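Each of the next two complexes has chain A plus one more chain, namely chain B in the first and chain C in the second.
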Partner chain A sequence: MPPIITPIPPFQPDLYQRAWASIPHPSLPLIATPHATSVTIFSLATLSKHSVLTGGHARSVRTAAWQPGMSAGRLRLVTGSFDATAGLWSYNSDKDKKGLEKEVKFGEGEGDEEEEEEDWEFNLVLEGHENEVKSIAFSPTGQYLATSSRDKSVWIWEDVGDGAGPGEEDDGGEWETVAVLNEHEGDVKAVAWCPDVEGRVGMSGRYSSDVLASASYDNTVRIWREDSDGEWVCVAVLEGHEATVWGLQWEPRPREGRFPRLLTFSADKTVRIWTLKVEEAEEEEGMTNNPWGGIPNTMRTELKEEWECTDVFPRVHSRDVYSATWSKDTGMVASAGSDGIIALYAEDATPKEDVDMESATNAAAPATSRWKVLAAVEDGHGPYEINHITWCKRFDPGTERKGEEEMLVTTGDDGVVRPWQVRIP
Partner chain B sequence: MSAILSVDDLNDFISPGVACIKPIETLPTAPPPSQDPSSLDYEVILDGQPSSSSGSDPPAQISLTDCLACSGCVTSAEAVLVSLQSHNEVLNVLDSAPALQLSGPDASGLYTISGLENSQSKLFVASVSPQTRASLAAACDHGITSEQAGRMIERLLMSKEGLAGGGKYQNPFTWMVDTNTARTACLVLGSDEVLGQGANKPTTPVLTSSCPGWVCYAEKTHPYVLPHLSKVKSPQALTGTLLKTTLSRLLGISPDRIWHLAIMPCFDKKLEASREELTDAIWAGDGKPGRGVRDVDCVITSKEILMLAASRGIDFFSLSNSAPPQKQPPFPDPTLHRFLFPSSQTHKQLRPAGTSGGNLHYILHDVQARHPGSQIQTVRGRNADVVDYAVVAPSGETIFKAARYYGFRNIQNLVRKLKPAKASRMPGGKPFGSAKRPAGKAATLDYAYVEVMACPGGCTNGGGQIKADDQVIIDRKSLPAKPGPPEQKAWLAEVDEAYFSADDPDTGVDLGADSGGNPDSVDGIYPSRIRDTLVHWASMVGIPLDRLVYTSYREVISDVGKSQVTDTERVVQLAGKIGGGW
Partner chain C sequence: MQRDTPDNANPTILNVSQLPSRAQKRSTARVGSDSKYDSVVLSSPYWSDASSDDGQEAREEAADDALDEQEIYDLISTVSDPEHPHTLGELNVVRLPDIHLTPPRDNPRGLANVLVELTPTINHCSLATVIGLAVRVRLEQALPPNYRIDIRMKEGSHAQDDQVNKQLADKERVAAALENDTLGGVVDNMLKTCVL
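== the complex of A and B ==
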């Protein structure tokens, strides 16, 4: 049987510094990898370096996010650093640089790389956190930016500037703090916004449609929403993990009309899935106009949600799971971590209505888990820890379906960013 | 920031490798290494500990004053040190010695003090904030006003059915004042500061400084904001200075014989009370901040009043809310007596002024009074705690712009706009960030005055107030076991209602905009009378008025997080060189 996961030659060049993550651009064939105090952008078409962002941070850059919804030819990247700041960088490929007409053709990347220091401009610093910024994420439309830090808080920022018009230089925008959320009891390791999918709207009328989730050293995940007064409140606390929750991802393509599930992975070596419990009354009436779902107001004293852990993946990892990724196209999940193992999981197609809900929350009963392990690769980066794994569209010559076929990209302490071909026989 | 600090929030999270700034200052310089060849070649020195060769140093002593807003280990330090100003402290002090006795006044209005031979004996005075009274009034049965709650506190502190009925010495408090009275002076002084031309005027926009949470945060994290802070003392501080200076002068006792308790809506007021800028070193000494007799000896919060009563077996809510039979003795100076104990409530709390003293509101009305016919326009900002105000002349011209910024997230935005341009970190020194903004954009911050408070919703929502999730409220108001946001909002509305209530529930008269009436009064306050009273005070105690009513701020500089090449730093640098992720 041909192997499912096979290595593709790694991105060039080696970074020779610990690399922390690789973030694909939402649409263009680019991927951003923070390492030490810089970020290297690789081209997915050539699997080689496109540009570099340097000099803006004094300490390790651990996280990066592409701003969605930018106009053509403009790129904006936000970096989060251990120096307690987030940096905003912009790249304008239309810009005439000092008379030197530099053509950067996306998809070919054959441009001369010597002047990459000038490609990216460091526009703005977002200060406020007391110490290391651990994670940043943009809401689906790009309206909000969430940052989280070891100071146990999550901040939500909004760009209230006018934005750069066509032909104008991108100055980074004008950012304001919208909310400072202080309810975690430890370092907040990751934040993620629910993607704009059909089931997201959920309990409309009570809250706006943006939902933020955060994962923390305090072993919990918290869900945050904006209420009618414009206040961001914590509407749920997901307890169950037995150690630091390293990160989380929302279900990129939920089942018909259902609220997106949440994938979490932890230092307790497990990967879990959580589902929002929907009140039966709401389920029956579907999307009613009555925001209270038919239950009298006096009985709804708390604006809280209930989530439960509905799946615990079969145990593969022997150490912390640092990263996991959920594919929008195939629904497969891949995980990686400290033990260097890359694991691939798929879900059984049959929905779980009939299964007893109580046994589903029992973590020690994997027999009812609907997820199975398809493949596992050991020592993905040799003896080095794997810090990040992500699904990524292929644009390299090795694929016949450019922009459609998905591969995995892992990032490790060896400073190498490795793509992996995934083909299910 | 400890703005919403409550007893439940305290935990012992101390970042590893963090140094306390104080012991480093008190450590003597290390003696030269011994020449004895038999001494060890190597010695392992742990972070923050002196080496064994430095001999025995006395343990480093840290007081609350030192720990003020240092970000080192402030979480646990605050826990310990804030507890030193607690209801237990009050009881301990009351039980330490018999109180000084006041006899008189005689025909010429003079009092005599007896009991001075006991060096521990003190005269007890208290001041109560209106937010505390509102909090307790709301906790009582429905319909109790804050005036009535104030009388209950008076009974607790001064009458036989309260603390004076028990304890070792049955010590009562001699005087209890309302900080509202000092507040009227703060309002007038604050307005004069903004609208006047004084040489010592803070940089525009002038920011309110009566919130200690905000002041501590500014001193620690954003010192560039300090030149903007109003120099006028807060009502608590002004009351303290007033009581200590006048009573010590008029009764012929030293200020350390007066023990001043303040009852406030938040914990940060305890930090304010420990400031070296608010001691007699300023007004009796050389005028520089230093260790001295504090203007306010102890601050307890609204919640702690209930604990204080309970410790002595008194049920606060069963105290009568009518005026105590025994009136307070007249204050030794008639002018100040009229000031501290006005016969009628001249200045009603107005809703638009908010629940944090109403500095901004007063200034707006003062401006309006100086420009007859002008209007005040209000524009709400992105949330309920950000509001823009403008005083507009009949011609349409804007005379004065001001704003209110409550809450940490809004303070972030304000402080960011005030930040001066910073030198770039990029090689080549190209400016970025706020420096890159064209000069025109800075005009968005063209306020003359901004009222800044740390707690969203104002002081009635302070960290020391009684909250909806306190058991006593859950019991008394029959709330569900875990009150959610709607219950908390409803509770806060009740507290606000009590705050704005008049003494007589029937007179729901809304004073509204009365600036068209008496030209001498602004919002029911007569500034000229206030100024006269202040001048009288200064001359009576023989201290320049500046020293009495103004204060100063200083940047808190700590070693924590700064780039000095300590051993830890060097390890980090080395780790970085081999590819470690620091």
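== the complex of A and C ==
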């Protein structure tokens, strides 16, 4: 029997205007939904509004990211807006750290509107981009923040606060520009940091462990790493999508210590998987020679990484795929987009080596997919487009495994944020 | 956006009687502009009708309600040109045969698709993107939400077809462009001549 995707009543209230995305907090039962110039925070426990961020941006908020590693009782959200800025917001619960958890889970402290809005403080504006900010992502430790824009650039910012550690200061910390990456030839639609998993560092000692990927209107994906001189360089260009790449996600839990793969989705209606190619010879060379032995910067061309498209998912969507999400728990992928369809996929478990021979004949894309469509729901948001989909833990009274059971949450042009129960018989 | 000399100083203008219209085909009395769009504006959109599940009847009903190319043409031909005191219909930028409508298949509440191919007045019309944007906005405002709208420059009609088409297909760029005061203002002005 195929898995069953069934709707759970949507978060309250409806927003009645286009909502772009819903970003779950890494540990607390909260989810942040940007719409117009505001962000509404919903509680996953009550499936209703927790608080609202307003008044920080002159134009639509397109995206948001939670800063990881904040001290208990504190929240920090960074918003990216069409007004070309990113904003840092802090939420200080006047209760102790247990208080915040309680408040979030049981809907306490949901007083009158004014009081709620005072809880969020707009601390800091990050200025630098020339046009709309489209995506924001924190590196796994929270040390770096990446922002991307229609101005074709990716900026990397570092929290250089006064040694108090991230989250200790009330003023949003102090942020410095570490790098401006200018190689894309079109809007940079999305950025994503490689998660801190086993296998991330092992690949190449010649770069630091942080890896950033960016997706663009120029139809490509780029991989960026920091070399031993502290310079951020593009180590790979992933070409294969035939239209704008709307976004990407790293594999949350790679198998057998392998380097995480990349999931990308595009206006060309496809969802793809990319894998870092590991050359045995390259590894040996890396061990015997010091690649930095007096070679000038311009000569370091051989330090590129080779990525190949190792899967194109079976075609489900008839229009742009705006979003896809990869589960850390089950490895399942879900996608959604302009056609209103929610699709669920799982990877074939047979050893990869069997298919490698096939894919070797076609460098651009493998002929057969290792991914199967498990389920597809039509009209997920009625006649409206779905802008975002994400896996998220359940905390509502309808689950017997609070904080463990996974659900999907979709966000649409109708301003509805809708959770979906996923049952695998 | 303001300039002294328009890109095309002498465009060909079609007479109102030359424009395609329902009235000509049916040779009935001219429909007044006040009621012309009632069928579009006032009819309850069938996608929201939760009770229309009873097969044949619902499908016939939907077929009656469904828009045709002429109605799409009527919606967008009245959009004004950004630099001439004429409508896109009069300038022959919008043409009835270049409107392609794919009604919902199987399910009457499913997705419908409207593809409009535009023919800018001259080859290097710098305002092609603005015209495309206005047409897209007009249709997004007037059509039910199950209509997906694609706006393209007719093949060979414009020097930068691909860039213009790609921009007009990009939801995020369109949304941001409309929040730009200058661009949003130009589009608003172009839509003033539309009856609604």
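Keep in mind that, in the parts below, the second predicted complex is superposed on the first by the 359 of 425 C-alpha atoms of A that agree within 3 Å, B and C clash if a C-alpha of one lies under 4 Å from a C-alpha of the other, contacts with A are read in each partner's own complex, and residues count from 1 in each chain.
Note that a residue touches a chain if its C-beta (ideal position, glycine included) is under 8 Å from a C-beta of that chain, and two chains touch if they have at least 3 such contacts.
Being a predicted model, the structure only gives us computed values, none of them experimental.
> Tell me which partner touches more residues of chain A in the superposed arrangement, chain B or chain C.
Result: the larger residue contact count on chain A belongs to B.
> Examine A:Q17 and indicate which partner it touches, taking first as chain B and second as chain C; both and neither are also allowed.
Only chain B is touched by A:Q17; chain C is not.
> Is A:K328 touching the first partner chain B, the second partner chain C, both, or neither of them?
A:K328 contacts neither chain B nor chain C.
> If you stack the two complexes on chain A, which partner ends up touching A:S60: first (chain B), second (chain C), both, or neither?
A:S60: touches chain B and chain C.
> Who does A:V180 touch here: chain B (first), chain C (second), both, or neither?
first
> Given the touch rule stated above, what does A:K304 touch, chain B (first), chain C (second), both, or neither?
first
> Of the two partner chains, chain B (first) and chain C (second), which one does A:F82 touch, if any: first, second, both, or neither?
Once the two structures are laid over each other on A, A:F82 reaches both partners.
> Looking at the overlay, does A:R255 come into contact with chain B only (first), chain C only (second), both, or neither?
neither
> In the superposed arrangement, does A:R423 touch chain B (first), chain C (second), both or neither?
So A:R423 meets neither chain B nor chain C here.
> Contact-wise, after the overlay, does A:D379 reach chain B, chain C, both or neither (first, second, both, neither)?
Second partner only.
> Could you pull out which residues of chain A sit against chain B in one structure and against chain C in the other?
Of chain A, residues 18, 59-60, 62, 82, 131 contact chain B in one complex and chain C in the other.
> Can you list the chain C residues touching chain A in their complex?
47-48, 109-111, 144-146, 148, 166, 169-173, 175-176, 179
> Of all residues in chain B, which touch chain A in the complex?
Residues 11, 15, 71, 382-384, 408-410, 412-413, 416, 425-427, 432-433, 436-437, 441, 480, 482, 484-487, 561, 576, 579-582.
> Name, in rising order, each residue of chain A that touches chain B in their complex.
Touch list, chain A to chain B: 16-18, 20, 36, 55-56, 58-60, 62, 82, 122-125, 127-128, 130-131, 155, 171-172, 174, 176-180, 185, 227, 229-231, 233, 301-304, 415.
> For chain A, which residues are in contact with chain C within the complex?
Spelled out, the residues of chain A in touch with chain C are 18, 59-60, 62, 82, 131-132, 134, 150, 187, 189, 217, 243-244, 267, 318-320, 322, 338-340, 378-379, 382-385, 413-414.
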